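Multiple structures follow.
Each of the next two complexes has chain A plus one more chain, namely chain B in the first and chain C in the second.
So, the complex of A and B:
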């Protein structure tokens, strides 16, 4: 293994290709950030369109290029999420909870910087873990199946419900609505239609991107229109150079970043779960661990750090099941399979044995990409931050156009626009009645994989659910036993905090 | 040079998706880019094949074919959009035989694929094989059938989702082997997760693409395989054991709205036939592990009703058992 690792260095730093590798990787990162920042254009689409390029160039040029797009895209999605409350990609949804609030305070630049540094820290750490533990991670990927996933998701939902801030009943209600919305369409196991009333367009469920753009971006626009333009952002207070991230603030977020990195890395090991779920779990964990959970959702730097570190930390480990077992972890890695096999490399156990050095060269390139990532991201931030200095009378209509255009390019389906408008209206009403839409989004996003995984577990158990879990799936059993304990501890903690700080509210 | 062209193509594709085409239908067809709807998501084998052939086809057709992904509702979103499109040869759909001929027997669809589409051709096909773990006591397909009949509900099968590309052929095979009601069908979200489930021994056997199986090496044993000649030594094909030869063959088909002018259809078919001899295409298709086995439209049209009849028989059989 170690020999392959050293061999990887030799291959990567081959003087003939090394410059081109890094140039292409930088191009990929920039393209990825750009596409990720455009609402509706997902990282997945960018990768699919750019894939043919890798057919014609050396794998050590093509694959790092695609990896750059991948990493850049996951970060890029956070840019519109922070600036105009519109998630550029699904992975950035949790960033819309705190990002826009910071932008309103005139701290857009700070928010973009913490997003970048958390993304890179999460990504880099998880990449290093990936290289160091490539064998064990492959084993874990096989240990964590549908039953374990169901138990983990269940625990996450219970923790979220038990520690929600604000009016408890309101949060719970929104969570339930989110879970319900996630059930609309065909049930994942028996393909029975539920609550779709014969509308074919929602048979496969409510499309996530139009729904979330509607829920998060449209209400912001409506509210902004209601108030006078000057009240939203005091243009004078937002200087482009103003409000940068201080080292102290970054240090304050480090605990959160590493917690999220751990969560993201573990999620990445399980094939088929992905960045969106990781970001939500990272956010929920940060909130329940925080001493000031009531600040979350109102412009808390840690909230952005939690979501961004978690979603980028997924990137490294998702490659492990692909490279070692031949199982692509998510749709993005499925595209990478194309790039591999176009060069006669079939990801799987054979590849590791026969082409070990090449695999490590790619992994090392992935680690080094993070360094480029910091530079490119940092150079671009002032550029992006300028968006908030656009006059509100121009920015608001522009945002509205982007919300609709973004929804349209997502699948070119007119019904998606209807979904956008319906959820825009729902989000606006919720805002007016002071319901937080965050638990709704969490229920919607975590509920669907939970239902699927639970259904699979029931099938796998052949009807004897209890004996199956306790006799054959020890990890699941452990998680189930721990859930009430953890929930109780979290609840007690949040109660104590509420008593301590309750008077201030 | 190649790279440069592709960059342009990629940027062009982004622009075209964003802006939509501008119509003018006087000059010789095709005089603007053709849209190819994919009723499936990015990254799957359809997507991969589409990327390969659309990156070469401008050389032959003189105009690019732009891939438009419209996934959702088990292919219905993209298919109904294609069914509603103008039959002018500028909108095509890249589908497969299960969406085309099986789905109508299990779901109420807002279109009739036979009336809505005519086959331009079948680009190639994905072939599946049945695998068990290398240390399994089931040495042959016959062993598996015998075991399943003697122990109903004992064997678990991992597939990539209901009525998907591995669920449907598996059901067809199990029905013909008389074990459809003896196997526990475990759904996974896609081919990758179903392979994970199999490798983690949550399921006893699964259907996978031949190329995926080859990457696994000696960890798995192939019991029975698609195709006319088995890719795996000493392993029978479905045909060898007397099953419908088409089982486990997912045809990647290009369809056009049925009213397409005959000369335009012929032009497309001519281009696809020419494509088979194109050097770059041959190299790329081999590189992604696929074969050159183009079936032209008129021939494929003969296969469609046969598929429909076979699927209907299978579904009716399953309903009877319930």
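So, the complex of A and C:
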């Protein structure tokens, strides 16, 4: 693995691509912050509509671009949260506890700067931990055979389905829908046609890009247009005032930042929890550890630092289960899987073995992105503050333009536009009926590898599956036996967090 | 998972039969339909490949497992649904919201048609201008400038640096070649920027 790590530097600093990698990463960060700063526009939507751009460029350029959008979007949400008490993303809800109070006191600049520095510190530290962990975990993952992989995939899918929405069985049903949709096309072992219903356009399966954009971007647009753009934020009311953040003030928040980073990093590695819970947990931990908890909620810098460091610290570690086992931990990483698959790179143990240097190059780029993050964030704070005031009536149709263009360029097939709209409507209905579409997308993406691993297991067992697993594959047997228990514990934990923080993006 | 009802944000319970019960019935029906269509919707192998015969693993096996899981989960959901106290958010939609969503769906459908027949840029200009006006933009000049500039930018981004294709404006079919605007439009079209 260490050779792969060193190889990653060689790939990243290839003179032919290094400049473009950083240019695209900066563009991604800028766009992420821009969208994050727009109240009502989520990072998820930004990732979904910008995903197609990554399809047509080298993975070393495209995936860091999306990671930039991811990082920038999570931070960008704090800007309207601080200035106008409207969180740009769900991850920034905890920032509204202290941000607007500081703005009212005339210290908006200080609040925005502590949000930026805490986000970057949390992000950078967790990225370094991610790189340190990914090698050993990938090395262990490589020892797994098809039976173990099938068992792990099954467990991960059930855990994510169970923890993603409030009602366990609804998550599992969405997972089953995703697995069914993933079966449309060809079976992964015999390549026999399945469930194409005579429609030639889906004989190779439902195209992933229109499905992801439809499921994750269009419902956000539908929700946003339920009300016409009556709530326009007056540009004159958005002012960045007050003194800059001093080194002493930042130093005073360092303990909180590192505590929140630890919380965010741990949460990032657990599938199905996410930034929202991390931000609330970071905030709650900072408040209980503070000597002056009564100041929290009334304009406390540490409150912003705690929430922002925690939510950004989730970003890097979500890649650990993704890259080592092929399991995306949340809806944002599901979209990243789409980018990997488009380049013929299926996340999982084999990816680390076959493309280790490339994966490490992407991870190193992710660490270095934090330097760009701090520069772009610092320079563009006044600009992003103005973004808050842009009218939705103009932005929503433009989002549709990106969504449709991105879908079209995938296969230049009008049928894909229909798939986009159908999945958009499905996603909107699901949202309104309180179904989470994340398990659906995960079932769709992981269904084929699961079926393939299951098929290989059946072949290895020579028809005697149960005795093969329980007598010859003790790890598989242990995972199968422990799945209900782990699922129950994770579900209980997620329900407790949900009740405690009411966290739902 | 006995305490499935503990979802926190839910408000109105409604009767024993609620939208979740209806959704559960739909899922059960889908599972049954799935069982019936499996034999007809999965091709049969002409020869045994990949050890399929050796392991009795067929292309139908996994779909049957999923259909079975679908059915069992549907039944579980049906029983749980009577105790669920979730709000059907579709019922919260007022007339304005329903109208807006339907108008957007119509605009999207029309947009597909516009892209196919007028090309990406012209179709997008019309869609963005109409939609932004409908949703409250009253600065028409700004609306038109944005409607034109962004689709042009997206078109150039996808066709030039990303080397993909978007439907171009059908210059030859839409503009007579003796019109003044024909040569510049044809030039732009040939350069893949319109």
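Keep in mind that, in the parts below, the second predicted complex is superposed on the first by the 273 of 505 C-alpha atoms of A that agree within 3 Å, B and C clash if a C-alpha of one lies under 4 Å from a C-alpha of the other, contacts with A are read in each partner's own complex, and residues count from 1 in each chain.
By definition in this document, contacts are C-beta pairs under 8 Å (C-beta built on N, C-alpha and C of every residue); 3 or more make two chains touch, one makes a residue touch a chain.
Note that the structure is a prediction, hence the values are computed from the model and not measured.
Applying the stated contact rule after C-alpha superposition, one finds that A:44 touches chain B and leaves chain C untouched. By the touch criterion defined above, A:341 lies against chain B but remains apart from chain C after alignment on the C-alpha atoms of chain A.
In the superposed model, A:142 lies in contact with chain B only, and not with chain C. In the superposed model, A:204 makes contact with chain B only, not with chain C. Between chain B and chain C, more residues of chain A are touched by C. When the two complexes are overlaid on their common chain A, residue A:482 makes contact with neither chain B nor chain C.
By the document's definition of touching, of the two partners only chain C reaches A:421; chain B does not. In the superposition on chain A, contact of A:189 is made with both chain B and chain C. Of the two partner chains placed by superposition, only chain C is touched by A:433; chain B is not. Legend: residue contacts after superposition of the two complexes on their common chain; A:392 is shown touching chain C, with no touch to chain B.
When the two complexes are superposed on chain A, the residues of chain A that touch both chain B and chain C are 53, 56-57, 189-191, 409, 412, 455, 459, 462. Listing the residues of chain A that touch chain B in their complex gives 44-45, 47-53, 55-57, 141-143, 145-146, 188-191, 200-201, 203-204, 207, 271-272, 321, 325-329, 331-332, 334-335, 337-338, 341-344, 346-351, 409, 411-413, 452, 455-456, 459-460, 462.
Residues 53, 56-57, 162, 166-170, 172-173, 176, 179-180, 183, 187, 189-197, 221-222, 225-230, 391-394, 396-398, 400-402, 404-405, 408-409, 412, 414, 417-418, 421, 424-425, 428-429, 431-434, 451, 454-455, 458-459, 461-463, 488, 491, 495, 498-499, 502, 504 of chain A are the ones that touch chain C when the two sit in their complex.
Contacts from chain C toward chain A in the complex involve residues 1, 3-4, 6-10, 19-20, 23, 27, 34, 37, 41-45, 49-52, 54-59, 61-63, 66, 69-70, 73-74, 76-77, 80, 84, 86-90, 93, 96-97, 100-101, 104-105, 108-109, 111-112, 115-116, 120, 124, 127-128, 131-133, 135-137, 142-143, 146-147, 150-151, 154-155, 157-158, 162-167. Against chain A, the residues of chain B that register as touching in their complex are 2-3, 6-7, 9-10, 13-14, 17-18, 41-44, 47-48, 51-52, 55, 67-74, 76-77, 80-81, 110, 153, 156, 162-163, 184-190, 192-193, 195-197, 199-200, 202, 211-212, 214-217, 219, 284, 287-289.
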